[in-house]
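Below you'll find the structures, each written out as structure tokens.
Next come two complexes, and both contain chain A; in the first it sits with chain B, in the second with chain C.
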Partner chain A sequence: MIRILSRYIILFVLTLLVLAAMSFSLAYLFPGDVLTNLTGITAQNDIQRNALIKQFRLDSGYLVQFGYYLNELFAGNWGYSFISGLPLRDEIGLALPATIELASYAMLLAIVIGIPVGCYAGLRSYTPADYGINSASMVGYSFPVFWLALLFILVFSLELNIVPLSGRISLLFDIPDKTGFILLDILLADNIDRSLAFKDALQHLLLPTLAISTITTASMIRLTRRSVIDVLNRPYIAAARSRGLSRWQIFFRHILRNALLPILPLMAIQITTLITNAMIVETLFSWPGIGNWLIQAIYQRDYPALRVGMLAVASMVITLTILIDLFNRLIDPSREKYERATV
Partner chain B sequence: MNSLPVLLICLATLVGISACSKQKKDGFYQTGIMYCSESNPVNFNPQLDTSATTSDATSHQIYDRLLDFDPDSGTIVPSLATSWSVSDDGLTYTFQLRREVAFHTTDYFTPQRTFNADDVIFSINRWRLPQHPYHQVSGGRYPYFESLGLAENIREVNRINGYRIEILLTQRDSSFLANLATDFSVILSQEYADKLMEDGAPQRLDHYPIGTGPFQFESYRKDHYIRYRAHHNYWGQTEFAERLIYDITPKSSLRLAKLITGECDAIAFPAQTELDIIRNREELELAEKPGLNVGFWAFNTQRPPFDNPNVRRALAYAIDKNTLLEAVYFDSATRARNLLPAASWAYQNDAEDTAYNPVMARKLLKEAGVEAGFTMTIWAMPIERAYNPNAAKMAELIQGYLADVGVNVTIVTYDWTTFRRHLREGLHDSVLIGWSADNGDPDNFFRPLLSCGAIPSGTNRAMWCNKKYDALINEALQTEDLFQRKAIYEQVNSLLFKELPIVPIAHAFRYQAFRKELKGMQINPYGGVRFGGVTKQL
Partner chain C sequence: MPQFSLYEEEHHPSPWQRTWREFRASHIAFVGLIVLGVFFFFALFAPLVAPFDPLQQNINALLIPPSWELNGTITHLFGTDALGRDVFSRIIYGCRVTFGTSVLLVIIAMGLGVTIGTVAGMMSGVRSSIVNHLLDALMAIPTLLIAIIIVAVLGTGLVNSMWAITLALTPQFIHYTRTFVRSEMKKEYILASRLDGANAWQLFSHSILPNMIEMLVVQGSVALSIAMIDVSALGFLNLGAQPPLPELGAILADGLDVAYLAPWNVALPGLSIFLIVLAINVVGDGLRSALRKRVSH
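Coming up: the complex of A and B.
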């Protein structure tokens, strides 16, 4: 176990190091002044400029510079945004939780809907109900997420006018940013009508969450169904039947547990898709998350922001993937490699 | 949708939520106004910036001025000054100040005293005196006052007593009161400034504002929002909302969408192409008023053959203004006869105008010795403004008209900064551009656009200098009598018609789109949007 753990840690550290090196090299690859790209500060005069060059070791070799860069990254000095002039760490600290929140609700929704429906389809395999679910999930899986989001906006916001189309909550509510997660922040906020704020936030959440979770739900259904069908054909199910266990006992004790095990690693892969989709959908719903923030940075050529934003998003995705992988190992130590399942 | 159960769950949630949104009509949502603005303000002090975004966000919300414009008649009305008098020589202005006017109490400042003469003196001296301790804070540029040379013309600002001040001018200037009523002449708190200076953070004055206006600043997040709360001790009698929120939404289509869903109660700058959508929806309202602006075609009068008034006249005859209005402004503008729009008190409704007459144009060109095949440039400004929403298209249309009279046109454009720099250098033959005035006074059109003094500062696009013109507009400032001034401006108009350094094309309307629930919303033609007096009734 310790060997596995250390292997993961080494893998993790190496990947992050490569990412950091890439983000560092961006300061040189982006057009414009290296110093400005690195710090986000445009030096007003030569004195300031020289001081910054000295501070960031730009007069030494690349390795020394990179070492200092890493040091700054760990210390939390990520530089400043060109456009707003604010520390990038604060900006990302506000934007990233918003994306994570959206993605986690979508994941939750996908699990809550996808697994039961998938089980149902698997148990009723090759019946009309199964065919129906199967084709519906295929349709859901094939929708491009941005198109679905636009369709939702058009129908539910602009035509029916029942849900708002932008933001996390009506700006009339002044919710202080404590955790960055809107629903938690509402619980922590005082001086507001919490139930009204909650209702408002849920209305804002509804469409983006649905739009993102559609694809994930669809693949969840298909994965679960496939896995359940596989398990059903195993001899131990026949044995359990012959022992006279009831249908529910068989389902919960034997089918569900054994069917879920192989699909856990596949959920890990879903998470990265989910976050990518969340970043796309954010821009359509003006959700103040990292995707929206990066798009603004691209429009405004905010190189320091792009550099750190890329690093933050990539680190998050890698951390999540490795954690989930580790988790899979823990619950099923017998497994050597991923089982690549069919979707 | 993935499957039947998903669909059912969605439907159930949506039904649930639509039930909720009916309750939305209740109390809480009525207490605040959401305004979707187009961009971030540069700071929270309009003395430092002339952009409309900054003054929209500050002038009439956070601050008051000594005087105000009445939005309907354009006359000057009391605000923080309850009354004023002007000496016979027009050089001494005395203002009686309002008593018991409270400054904002916020979590970063608690005022110990009410408004008095010291605040006025501080606010004016800040931009007037280069040696003032606050002059250099935040850059030391005060573009509005600089462009009018106001600082040089004020000799002294004196305190007579706590509620009476006196301003002495060097030269008579009958547009002086109007300048004090513009969005830029706001009154700051001297007590707050002193405290900040003591704390060593003077630049906070322009970012954490304290004023006397109907709303007080609460918080600002760039690219997201500005929050204001009602100032309960506001001196005015008007009703206003408990909260005011600027939702910063740069995309005009998104602003419109949010207006339709009710996420915004009012939006800034609806696009010309979206106006019909707003007009056709029952729950939305579109107020329109002729704006204080003019879009024009200016000739570089320092370059031959445009130094010849007859050539300019010929070119003016060659174009059909009405077609330009339809094709470029989509009927969101009125035809301009001269510089002043109808919203100005000095508007002359019987002013002469050039008519479309290509035959006459050809004849005049021939007489002036301009051969067929002559080539000139038309510079088209690269950005959209109300007074010219699409200069490139207008340039193409004019290119077509001039081809009919035997003149070849090359259209030139650069990015906005370079464009203006080259214009100042006079590299153009002619340019399509315009002007938005900052106050209702006609001098705000005539002086920056065509006076000799405006050539170096770069607002005189025609590079036209005429002694008689300058004498006339100076003479107009020597009298307070509006009829007399109007008579002088009529002479100015006929001089301009004779000389035609520029061809006025259009005065664009100003639009304000808002939801029916907002009561008391109106366009302020003399500056930024106002939310004092606006309430929301769901």
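Coming up: the complex of A and C.
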């Protein structure tokens, strides 16, 4: 147990260190001045420039610079944006929760719909119902997310006019930022009609969440179905059946638990796709998340923002992946290395 | 006198023949293969199929609706875009760029992945473990993020976005190859060839690679559909192929400006991306279940 934990902690720290080193090297790789890329401040004169160089240890070796860079990262000085001139930490602090919120609702929806439907298809494998679900999931899995989001906008926003087009909440509601998660912020806000605001926020959430979760749900269904079919063929299911357990007992005690185990590490891979899709969908719905922010940053060549944004997103994804991996290892210690199920 | 018996002659179909037989038995998979074949034909022979030059602008024919609508003409099968370019020709050339690029990318990623994966699988101990963990970490970084960084360093363009997607695809091949090689290395037929004095290269080329091809084909189909979506997504976000180049995602992004006036400019390129990806997935799925059935029978 302690060995596993320490292994994962070492892995986690090493990966983050590699990421930090990559983000540091980006300051040199990006076009333009290293100092400006690193700080986001354009020096007005030579005196300020020399002072900044001294402060960021640019006159010493790369290792010293990197050490100072790490120090600054931990201290929370992430530099300033070229475009807005605001501290990057505040900007990311606003944008990242919005993405996490969107992605987690989509993941939740995918789990709530995908696993039961997948189980149903797996239990009724090779029947018309199974073929129907399987084909539908294949279609859902093949949608390019940007096109799906555009179709949703065309149909639901422009033609039917039942849901709003963009943003997180109507401008009529003045919600102060406390947690960064809009639904929580509404609950915490005073002086507003909470139920109205809640309804409005949910309407804004509907389309982006649906667009992202269609793809994740489809792959969830396929993974669960495959896993259930694999478990059904195992000898212990036959043994359970011959002991006279009822269908429900077999399903909950034997099939479900064993079928969910190989799905868990695959969920870690899903997170990567999910975040990519969330980032693309955000740009279409003007969702003020990290994806939208990063893509605006690349359009405007805001190098300090890209440097830190990359670090923030990559660390978030890797933290989640490693946590899921660790969790998987803890609940299933028999597994030497995690294996991946097939679709 | 022993007679030559014509009917009792045993015929053992080769593994590939059996796979093909199982594959053909599934109608959906076969239809998928035909659709994929049509798109592949479009990609290969785009200049022969396309009626117009995809870049030729025509101010006399702006935003003509597709031929099945009331105002459409048959000269422009899928209508024209805001610059009078023929949408059908653009989509045909777009298939060439998007689909062709994706195939190329998958082949490059596969070559790289198999090489590194085999080396990592044959090695053991600390080095293998480091490769293992670093790859898992790399695999977790979203493609879009890698693409954004590469575009920031090298600038926009189809080739630069290809680097990003190759970087994102390769770890999966490495992972599967490494797992496969490791499990094969423990088997007895490898031990037998090793006792016969085969070196690492001979082990790989004569014993492991022939067994690995099926896995590679299946993984290749998965990677191909991911590559298609990624190439078009980057084109759509204006980070990959740049506008004059007919790339399906870029065509879609172009059409977005006139989406309300001329919805076919958004619908048709998206539909063709969707159809190609669907066909790839259907064929990949059919292939996988054919392989599975072949083993289980």
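Assume the second predicted complex is superposed on the first by the 343 of 343 C-alpha atoms of A that agree within 3 Å, B and C clash if a C-alpha of one lies under 4 Å from a C-alpha of the other, contacts with A are read in each partner's own complex, and residues count from 1 in each chain.
Simple rule for what comes next: a contact is a pair of C-beta atoms (placed from the backbone, for glycine too) under 8 Å apart; a residue touches a chain by one contact, two chains touch by 3 or more.
Note that the structure is a prediction, hence the values are computed from the model and not measured.
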Clash or fit, chain B versus chain C on superposed chain A: fit
First, second, both or neither for A:15, with chain B first and chain C second: second
Which of chain B and chain C A:147 touches, first, second, both or neither: second
Partner chain(s) touched by A:158 [first = chain B, second = chain C, both, neither]: both
Partner chain(s) touched by A:298 [first = chain B, second = chain C, both, neither]: second
Which superposed partner A:280 touches (first chain B, second chain C, both, neither): second
Touched partner set for A:210, first chain B, second chain C, both or neither: first
Per-pair minimum CA distance [chain C against chain B, superposed on A] in Å: 6
Intersection of chain A interface sets (partners chain B, chain C): 139, 158
Parts of chain C lying in touch with chain A, wherever the complex brings them together: 28, 133-134, 136-137, 139-145, 148-149, 151-153, 175, 179, 222, 225, 229, 232-233, 236-239, 249, 252, 256, 259-260, 263, 266, 270, 273-274, 277-278, 280-282, 285, 288
Chain A residues within the chain C interface of the complex: 11, 14-15, 18-19, 26, 29-31, 135, 138-139, 141-147, 150-151, 154, 158, 268-269, 271-273, 275-276, 279-280, 283, 291, 294-295, 298-299, 301, 303, 306, 310, 313-314, 317-318, 321, 325, 339-340, 342-343
Contacting residues of chain B [partner chain A, same complex]: 1-6, 9-10, 13-14, 17-18, 20-21, 28-29, 31-32, 34, 218-219, 222-225, 227, 243, 245, 247, 249, 254, 257-258, 260-263
Of all residues in chain A, those that touch chain B in their complex: 83-84, 86, 113, 116-117, 132-133, 136-137, 139-140, 153, 156-158, 160-167, 170-172, 174, 193, 196, 199, 202-203, 206, 210, 214, 217-218, 221, 286, 288, 296
